[in-house]
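Chain lettering (A, B, C and D) follows the sequence in which the chains are written, and residue indices restart at 1 in each chain.
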Amino acid sequence: MAVSVESRNLVSAPDGGSREELVVNVGPSHPSTHGVGRVIVHLDGDIVVKAEPVIGYLHRGIEKMAENRTYLQVVPLTDRLDYVGSMYANWAYCRAVERLAGIAVPERAEYLRVIVCELQRIASHMMGIGASAADTGAFTFFIYAFDQRERIIELFERLCGARLTYNYVRPGGVSFDAPQGWTQDVLAFTKAFRAAAADLDRLFFGNVIARGRMKGIGVLSADDAVAWGASGPTARASGVNWDLRKHDPYSVYPRMDFDVVVGERGDAYDRGRCRLLECVESCRIIDQAISQMHPGPVRTEGLPRLLQPRPGEAYDHIESARGSLGVYLVSDGSVRPYRMHVRSPAFCNLALLPLLAEGHTLSDLVVVLGSLDPVFGEVDR
Amino acid sequence: MAVTRQQDKATVPDRTPTSVRLAISATDDFSPGLKGFAERVRSLVVGLGITARRSVSRPVTLKYPAEKVELSPRWRGALRLTGVLGREDVALIEGPASDYNGLIDDLYRHDRLPPCVGNCPANVDARGQSFLLADDRAAEAYELVRARNILPGVLGRICHHPCESACKRTYYDEPIAIRPLHRVAFERYAEHRAERVAPLPVTREERIAIIGSGPSGLAAAFDLMHAGFEVHVYEKEHAAGGALLSGVPAYRLPRDVLATEIADLQTMGMKLLTGVRIGTDVPIDHLIGEYDAVLIAAGLQVSRMLPVPGSDAQGIWGALDFLKAGNWKGGCGVKGRRVLVIGGGNVAVDCARVALRCGAAQVTLSSLESMDELPAHPWEIEEALDEGVIAMCSYGPKEVLVENGRVAGMRLQSCLSVFDAQGRFAPVFAEEFTDVPADVIVFAIGQAPQLAELVSGSDLVLTERGLLPVDGALMTTQVPGVFACGEVVTGPGSAIASVASGHEAATSIIRYLDGRSLSEGRVYRPVPVYPRYQPATLTGVEPARRRTVMPMAKGADRARDFRQVELGFTHLEGLAEAARCLRCASEVCVGCTFCARTCPDYAITVERIDDPGHRSVTRYDLDLSKCCFCGLCAEQCPTGALRHTGQYELSFYHRDFAVFDRHEMVRSPEGSRATGADCRGCGDAR
Amino acid sequence: MSAAASFGWGALYGLGASLVIAVAALFGVWAERKVAARIQMRYGPLEAGPFGLLQTLADTIKLVLKEDVTPNSADVPVFRIMPFLVFVPCAAALVVVPFAAGWTPFGIEAGALFFLAVPGMSVLGILLAGWSSRNTYASIGGVRAAAQMVSYELPRSLSVLALCLLAGSLDPGVIRAEWSWWWLPLMAIGFVVYFIASIAELNRGPFDLPEAESELVAGYFADYSGIRWAIFMMAEYGGLVAASLFGAGVFFGGGFGLPGPVGAVVFVALAVAMTICMVWAKWTFPRLRPDQLMSFAWKVLTPMALGQLALVGLVLPWL
Amino acid sequence: MTPDEMAALLERITAHNPRLHPLFSLEFGDAVVGVERAELFATAADLRDAGFDRLGMVTAVDRDEVFVLVYRLHSRSLSAAIFLKTLVPRDDAWVASLVELWPAALWQEREVFDLFGIHFEGHPDLRRILLPDDFVGHPLRKDYDDPRLIRRPDYI
């Protein structure tokens, strides 16, 4: 991880002479690395010749920690993977546990999971495109996006008492049922959000400067997206029609009518706009889920205090805001997981940075990085 | 999960993954030339317009402190601990019988009803019993239990303990042995009996007659005596006890235990008139005229018989007669003979075990239900099998094989299933027959009341099926002033359910004699539903946490005579078992340590003294700097003592090491520690 | 005037300008925070003083008391002195603002030239501030600033030059006195160029590349803290106020040539409006990329300014 | 994917490729095939040509004497996913790198190298990725010991 950085490198140029490369060390404490990412950038003039991400600054060894905890105690850990969208890791982990232990989930719990995860998708994308816009200097857009995110977080707080690390989705269901009037407020939110999304679209994605900054920047071809294991909006913006909610439908998603937002060019602009338009699709899903939901239990009754699945292994994945988030669990029949591995979409997407940033300027580097929407809690685990 | 997923596929039309929206395309680009220039300028103006519009809208932030922050109703702050064992006692659930339902209902509404109490038909305060017993206050424990279940010594041996099935400790490791603790309390009460059992003052003029001295009759008598009435109990046999005496075998309930507890009631003032058969010796009308209220608690007297061919042959017994004979006469002519018991309930198991003890050569239990579906309690079946009873499950009786007017055996038919898909009784038989040789056949397939003689000459009218029409909630009959309770009302049931109906009848009688409306303002017993937990995994559970095992007589030895099967706890075992109680819903930390065990971040340490006979929490450390606010500990807390405060912000300002040790825990009422344990007026979440 | 007297007057004006600019900066910072907050649906400063007016003062006190950090590897004397080198030209620009028709505090005939040239000197300070920090980001920021300020100097000067042609004088006071209403439509393009170029000249969004927070952390003043950092800020806001006042003075003839107190009020109102518009633009738009910035300056603004000059040149013979 | 479909898929894959053998039952809902370590690369290449265009996950499990390397392959055209597993002896922990087939393996193999110490032959840039370069040991190995690690007590 640690790399000593000479600030100036003398490199022999292809024409036989030599040119001076400026090495800029972006991060790990830098405003636009979205946490504690670090990129070692080799600049030739203002052009990036090599961008090498250095990660691990937020490595907490969650996979190792999970081996020392009971199945339930791991849930708070998964909150801290993707701290912008804790619900996803909660859910992916719980799905794996449920598969491993053969736990059925009440229908209402599945609907609540879908609702919170779609809300979480909006919240996460608001963070993603907001921060990405702030990287280009549009700070007010960031605030507007965060305003929407804040509304969702307030809804979450009412739901489960936490604003960031929800610990909401649990093996066998969810921790709390929706409080009185919550679903109405969610519907009111989706209604208001559609109007706000149109504003956000015009304010930033219609803006001439923003288009100039993002169009044609960090173009990812569809083939590369597949080969490099990109997923989520990052892959879809390149025209890869791949959404687990449609293509490996889980939970109650098969009952939902929604579109997959797919881009054409795979540049930073497409990735950002894909996220914004996905939020509107999420609103559709939420509205449908609320209309389909019936009262009932939200957690499987009578689960034992300590889950003790039989030996075996299970993998389950969900479509998180960043892509397909998978959890691979191995049980040896004890009360603790033998091994837990998180297939982190942010990790796989971030690996694309050297490919995408090369040949652009330093200013574009932050745009490319922002458009990949990395969350370092999940990258580093 | 795989299951639900398949259901999704099956029941819901799968939407094809082809609905794709090409959201971003070249049309997003600006037009070339001057038009494009105009579009570009327009995009800037539109942006300025949006920000301008937003700038005149109402700010979304708040003017603090002019505008108060409205916190969401459900939010998680730092942890707080309300009560601590050693400083605060667990509240006992006590009250006059006529208001007891109201008390229970109130607790239930406030989420403070422990599951053991809620699940008991008579709402015996098992939590209070454990608390007092662990404190070595056996006499108080006995009296607390007796206030509701009247005969703790008896029910401590024979009760089917619904309390234990609901015990929250099942979720953690194993349930508390509540029933054996009744017995412990009874045994320890022997030394206090002389000084603590005294006649109750008679404060009312009205007199009440109770017909039948079974559990329900005695329960009603107990309540009525405490209300100050004079109570006369009529019993047709020569000793009191009803079904407890005639139906319960002595190996489960020694006669002297029952006699002691009935004697206690008599000391309190209950007048017992044995050998009086109402209806023949004394007409019931006489009682109605003589007494201000009459309670019929006669129970079920006759066994139901199967109308199969040959059921009138010699050697056919009804279960009640068989048990009575076995219990009282010590033998019913089965010595050395083969006995076949038909039925799968508890009475059938009792018959089988009595037959063994009477010296039967071979006892077979034949039931319609399969082994898993048997209505008898699993522990009873297990004990019976231990003793050598042969079980033939999934067989229906077809025909009694008769030789010379005597029973020679029985033809049984295989039964495929007993209940249909809706759970109704609808047996399906296969055309397979098995002949079982037997000399004696006992039908234990149910009991019925026999009331015709009892009510003759009164205004009471029986239904066609011989039942007394009774309002099941108020326990009234057609005749004012005549009430009924027990199995007459409820049908065959458990002893504790009979006791519960006795309490209800007593409440009705008190209201009736007070001249109040029977139903107005009356609170009925809430029927709480508690989650049924899968048994917890016991790997790694320390021995001290395990349930005390009831010592039992060896299977082969005990089947020979009517000595007790369960040998009872010792004093120390009783103390230790009582100390295991988690004192659910008491809001007093009992140092169960489950919060510390479940904490993912080692933020909680609980230290306690946990000796038998002495139990208190000495130290409760909560390291808030480690706390991750997952809430698992508060979720685990059985007592509700540990929960989240409302002070979400405070939890971050005060992320320090909060130690509640015993002296510090006794804080002034206006204390304002970070954990907000005593903070008032800040809108606590509860 | 003797050299000594001239020096004395200069010092006095300098002191006055510094005070004015300090107050203007306080106000400018407050205005920016308030406007930005309203745009972002917040309240902005509320607590210190009425409407939070004293918030900036409180911040200044905090900044004065903060530790003044100098990086180990910095070129210490240069590093220390550069904030003042940036501040002084910005403050100096204020002395040629036409506060009344025919009057500027420091009455020199080439006042317009002074206004355009002297603040331009601060590019040196910025470049050296970035360089002396010995920090890659600061260096890049300094170099960007130099390129940007030099580029935008041109359209800005050309747009003012057109005015000078119209008024026939380089003295802003004279320009203000000569102003008449038909200059408004005639000089519309010139004003737009002046406005945009001023924003770029002041390194403010959407042209704040030298200090682009998301790319260069804080650009040329990344390593400054405490009072030195505050002086950079004062220079920026002082420049903002000066550019607004000057623009209102010369492009709008003070308060549309209105006489007396009405004119003064309209003049200040126009300047405030310009300041707010600059803030509004900053908080609405994303930031340009360096190459886009350059091409904008040379391919859009400069031709526009030249066009304006040509337009004025066409009109001039008929005056 | 239903279990039937999955069984059919397994059948189809293994029928054409003698190197593959179905490893585990489908009780947890995943199709798993195993391959000898030496044949991993060739098999993976075959699978990629057969339509498994996506390498979803690379990870390992420490099973005392061996490491089980787990690859999750995904095919959009078949709309199917399988687990490819291979065993790597603990004292001779190397395996062929799949970076040439899927660049997605670039970082994921580095991660496995970092946390398990399994060498990927042919990987262009096999360095630690999550842990500092001077870190000693491979923490996800079961025998990794660190005095700072707190073992939870057995009672829970």
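One rule holds for everything that comes next: a residue touches a chain if its C-beta (ideal position, glycine included) is under 8 Å from a C-beta of that chain, and two chains touch if they have at least 3 such contacts.
Here the structure is a predicted model, which means the values were calculated and not measured.
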Specify the chain pair with the maximum number of C-beta contact pairs.
-> A-B
Kindly work out which chain lies most centrally, taking the average of its C-alpha atoms as its position.
-> A
Where the centre means the average of the CA atoms, what chain is farthest from subunit D?
-> C
What whole-number Å value describes the gap between the mean CA coordinates of subunit A and subunit B?
-> 48
Can you check how far apart subunit A and subunit D are, centre to centre, with Cα atoms defining each centre and the answer in Å?
-> 24
Cα-centroid distance, subunit C relative to subunit D, in whole angstrom | 61
Please compute the C-alpha centroid of subunit B, do the same for subunit D, then give the distance between them in whole Å.
-> 52
What are the residues of subunit B that contact at least two other chains?
-> 2, 9, 44, 47, 50-51, 54, 60, 540, 598
Tell me, which residues of subunit C touch at least two other chains?
-> 39-42, 283-285
Multi-chain contacts in subunit A: which residues touch at least two other chains?
-> 69-70, 99, 140, 144, 147, 203-204, 207, 209, 247, 306, 335
Once bound in the complex, which stretches of subunit C touch subunit B?
-> 35, 37-43, 46, 280-281, 283-285
In their shared complex, at which residues does subunit A touch subunit B?
-> 69-70, 72-77, 79, 95, 98-99, 102-105, 110, 140, 144, 147, 150, 154, 157-162, 165, 167, 175-176, 179, 199, 202-209, 211, 215, 237, 241, 243, 246-247, 249-252, 254-265, 269-270, 273-274, 277, 281, 301-306, 308, 316, 334-335
Touching subunit A in the complex: which residues of subunit B?
-> 1-5, 8-9, 12, 14-15, 17, 19-26, 28-30, 39-41, 43-44, 46-47, 50-51, 54, 60, 72-76, 171-172, 531-537, 539-540, 598, 600, 628-632, 635-636, 644
Of subunit A, residues touching subunit C in the complex = 7, 22, 24-25, 30-32, 46, 133-141, 143-144, 147, 203-204, 207, 209-210, 212-213, 361-366
What does subunit D use to touch subunit A in their complex?
-> 1, 24, 27-30, 53-57, 59, 61-62, 70, 72, 76, 79, 81, 83, 102-104, 106-108, 111, 115, 128-134, 139-140, 149-152, 156
